[in-house]
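Structures are listed in the sections that come next.
In what follows, chain A forms one complex with chain B and a second complex with chain C.
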Partner chain A sequence: MSRKPGTERRSTLNKYQRVAYYPGCALEGTGHAYNASTKAVGKALGLELHEVADWNCCGAMEVKNVDPQVQTYLSSRVMAIAVHEMNAKVVMAPCNGCYHNLKKAEYDLANDEASRQVVDRISKKAGHETYRAGTLETIHALDWIKDGIGEQELKRRLKGSLKGLKVANYYGCMYTRPRHIFPEKDRGPGSESTSQPHFMDDLLAAAGAQNVDFPLKTACCGGAHTLSDSDTSTKLVLNILQAAEAAGAEVIATECPTCHSGLEMHQVRAEKVLGRKTKVRMLYFTQLLGVALGVGPRKLGVHENVSDGLALLKEKGLA
Partner chain B sequence: MAIHEKSLIRPEDLKVQDKVVLDGVDVSGHWSTFIQSRVVTDYNEALEEEISALPGGEHIHRCWQCGSCTNSCTVNAVNPDFNPRFWIYLVRMGMESELLRDKDIIWQCVSCNKCTYACPRDVMPEGVMKATAHWLELKGHVPKSKSTQFDEEFTAQVVATGKIEEGRIIRNFFARTGQPLLQDWLLEMAKRVVRRLPFKQGLAMGWAALFRPRTRKWAKASAALGEYIHEQEARNRKALNLE
Partner chain C sequence: MSAARDALLARAEAVLEDWVRARGETPTQEAVETFRLLALHRQGARGVPSFNACRETCREVAYHYNLLAAGADARTERMMQMLVTHLELFVRGKMQTEGLGEFCCASRPVRNKGERIDG
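Showing the complex of A and B:
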């Protein structure tokens, strides 16, 4: 973990197999299991992660609401460290919020002179190099496994299978919207789609899961107001949970710590406040891949999930 | 929602007389219904300009009222009164008093960006909703929403330390908005989290609660950000002619 990407050594790993890693704040707290399972899956697949040193918060939704340029600066600082101190070409962020914000900063810095000036000014005062657009590629954990390994290779490395597990793949808002900050998506076959995302479906299908036809893949869980407008969030989450159950899913696979904890929290709240109980469990897609790769559920943090994914995995003979 | 997204006739403007006889014909009740005429005289001609001057509102002038935003809106599906297209119309027309009728729900935009995705004119309606919500607060039409208070708590922590600690944000947010932490569902949630939390992670989270996680070498960035935010606040107030 200590060697930095770009500090040249003989390596057969390509640029997606050896990336700078930006976990973000949530993965050190409520998303701990996502962090653990991402690292465990990387290890099982021989992919390398090099954590960005002294990273800061990307600004999330909250800082953007106070001032969008502050969010752009915060994200740019993370990218500046990856480029100038780690010599990285690619940074991977598993959190949809971080991924989105780095992409947004990239877009703004490439297209908006005012953003460039503000970021340059604050970077100089903060005493570090200014990040320049086009010098770093930001990817999601899904791209990392899809482009670093691919379904065929993943299949070859499986130690087990998710056979018989009915999964609804839930991508959330920030992975695909707004479209303009994701120029690499919607590029035809092989690329990710912003209207019908499928990378998670592809990977989990390769791991043997039975993906159900889930219409709310990119619906909103109300994560932005999960505590400030809980009643709305509970309604939105309940809708997602019930749609997944109606589609026959036993598990909702997630790829974002905010979505994941939002679904779990409002599942409890819907039960307690509205008296509407749902049984579907939430598991990070990395936890599911980890199970298929033969990593122990404890290493994947499955026992930490509030919705008790461990019981389901045991029931299915997967743990 | 289809074309009939909003009825323009308000129930309070519908007038029905219990007893009316016209030219010897009894038209009491239902037959005498008429709509009270309404004259708007208090146009605020600066409204669009002011909202455009706030972050997110820059592209409101591009709107041609197709309604794709309202049609795709997450919150509209939960509450039909939440209507971005209508509010953009009101802002552009300067109909401030009409806009103020919905002042207590505009902040509820969840930033899912479905509107921005659907908009054929790149209005960025999500930004317009945020700008409008800010405008309402800055002008003193509404107190700071819970969302704004959450954002401020979050931003203050990031500026101070470079990172956030979720537990601290939740505690401070609940204290600031006067909400009890001892709610049935929150206790149940906490119980389920703690029951399954591995000892090591529990220790790490306790440690983070006592000693806030920090980004090293953050002091200069913190000062520069504080200064910039202060500057922007002054700029926004000036744009709205506030002292």
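Showing the complex of A and C:
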């Protein structure tokens, strides 16, 4: 299998600095600003993204509910393209749902013969090589920046600072759960923690932000419930927003398009339906890093956010 | 402050007791790391991996209980209230949709076992 043009690995870049990029469906829709800001931050930091050609949905929650093994196949196809057509060693998925599903597929294929058989059968039927566990490393956008650049290099490249901005870092519940599909986490100093994730805190602190103590950082936002029971989702989100405000935050930094759009939409709904207004704004962590790196808010898609992050950035003298 | 933290912890335990009972089990009286709440969560998560989505919330409730026991302020109490509210909302929402598929990430199939769609 030949490499796609431009994907030859260069020795000057480590494996996290040049990765296959799997944006996933949400980043072409509601999470468009996350896509734009991820690419803009990568460019500003000299990190390379090579989008997986002809990628498909990871199986999200819908397929997984119907048949988990079909979800495993859908995720494996993305990984098969990255490995067999791009010769990639690492694929980066900025969406928590995609990241979670690729990790789950990796785990299933490494540990479950039935999953291997189903994936092999469908792959043959679809006419592509089967993905084999252990041939590709899936990482999140947080890992990409943390391991590809690190806080010290990030600081060196800053053109501004988030100084004075009080941030609650919200990771959502899929970034760390279930723990067994994230073997690289909880490995001591330097690694991510499943119970107290801190990579986003570390990066934003390096960019000058003041992280607040936020105990609901891994709590469920009701994202999967948003259509079947909107009221429960609205109450869950309202509770998260109020807790962030009680913790002193002006901004909730997000790293998942589903969480982000859920927080923004249910913030509006909480005001309309429950009469409960909250002022905290939502910005993707990549938008915040981009601001600190001197990228214009428009290039970061800040104007696409529902909550008026741009007004806050201007108020704080950051835009 | 003492009565408030005990009442909040009791609220948190009550919602997990309901979850355990709804699954046909008797709520445990045991404790994990001195908290019955954590033992109830462990019992409630047995066989239901997605219930771990509220694991850290339970641990944060226990942590804030300890902070209040050590003499923390009204803000800590407010945060503990919010944590307990989140636990209630999450578990009640999950109980509503039981049988329709999972409330959250670690889903289980809703199709009958053996029925395939992969041909």
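Definition applied: the second predicted complex is superposed on the first by the 308 of 319 C-alpha atoms of A that agree within 3 Å, B and C clash if a C-alpha of one lies under 4 Å from a C-alpha of the other, contacts with A are read in each partner's own complex, and residues count from 1 in each chain.
Following the convention adopted for this analysis, a residue touches a chain if its C-beta (ideal position, glycine included) is under 8 Å from a C-beta of that chain, and two chains touch if they have at least 3 such contacts.
Please read all numbers here as calculations on a predicted model, not as lab measurements.
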Practice task
Determine, for the superposed arrangement built on chain A, whether chain B and chain C clash or fit.
Solution key: clash
Practice task
Considering only the touch criterion stated at the top, classify A:Ala219 as touching first (chain B), second (chain C), both, or neither.
Solution key: both
Practice task
Mind telling me which of the two, chain B or chain C, contacts the most residues of chain A?
Solution key: B
Problem - Which of chain B and chain C A:Leu158 touches, first, second, both or neither - result: neither
Practice task
Determine, under the contact definition given at the top, whether A:Ala205 touches first (chain B), second (chain C), both, or neither.
Solution key: neither
Handout entry: First (chain B), second (chain C), both or neither touched by A:Ile240
Key = second
Handout entry: Partner chain(s) touched by A:Val118 [first = chain B, second = chain C, both, neither]
Key = both
Exercise for the section: Answer with first, second, both or neither: which of chain B and chain C does A:Ala319 touch in the superposed model? Expected result: neither
Fill in the blank from the handout: Intersected contact list for chain A, partners chain B and chain C 61, 65-70, 73, 118, 121-122, 125, 173-174, 177-179, 219-220, 222, 224-225, 228-229, 232, 235-236
Handout entry: Residues of chain C touching chain A in the complex
Key = 49, 52-54, 56-57, 59-60, 63-64, 75, 78-79, 82-83, 85-86, 89-90, 92-93, 96-97, 100-111, 116-119
Handout entry: Complex contact set, residues of chain A against chain B
Key = 25-26, 28-30, 32, 54-57, 59-63, 65-70, 73-74, 77, 118, 121-122, 125-127, 173-174, 176-179, 194, 219-220, 222-225, 227-229, 232-233, 235-236, 264-265, 268-269, 271-273, 301, 303-306
Practice task
Write out the stretch or stretches of chain B touching chain A in their complex.
Solution key: 55-56, 74-75, 78-79, 108, 110-114, 116-117, 124, 126, 130, 145-152, 154-155, 158, 162-167, 170, 173-174, 177, 184-185, 188-189, 192-193, 196-198, 201, 204-205, 208, 213, 215-218, 220-221, 223-225, 227-229, 232
Exercise for the section: Under the touch definition given earlier, write down the residues of chain A that touch chain C in their complex. Expected result: 61, 64-70, 73, 97, 100, 118, 121-122, 125, 173-174, 177-179, 195, 215-216, 218-220, 222, 224-225, 228-229, 232, 235-236, 239-240, 242-243, 246-247
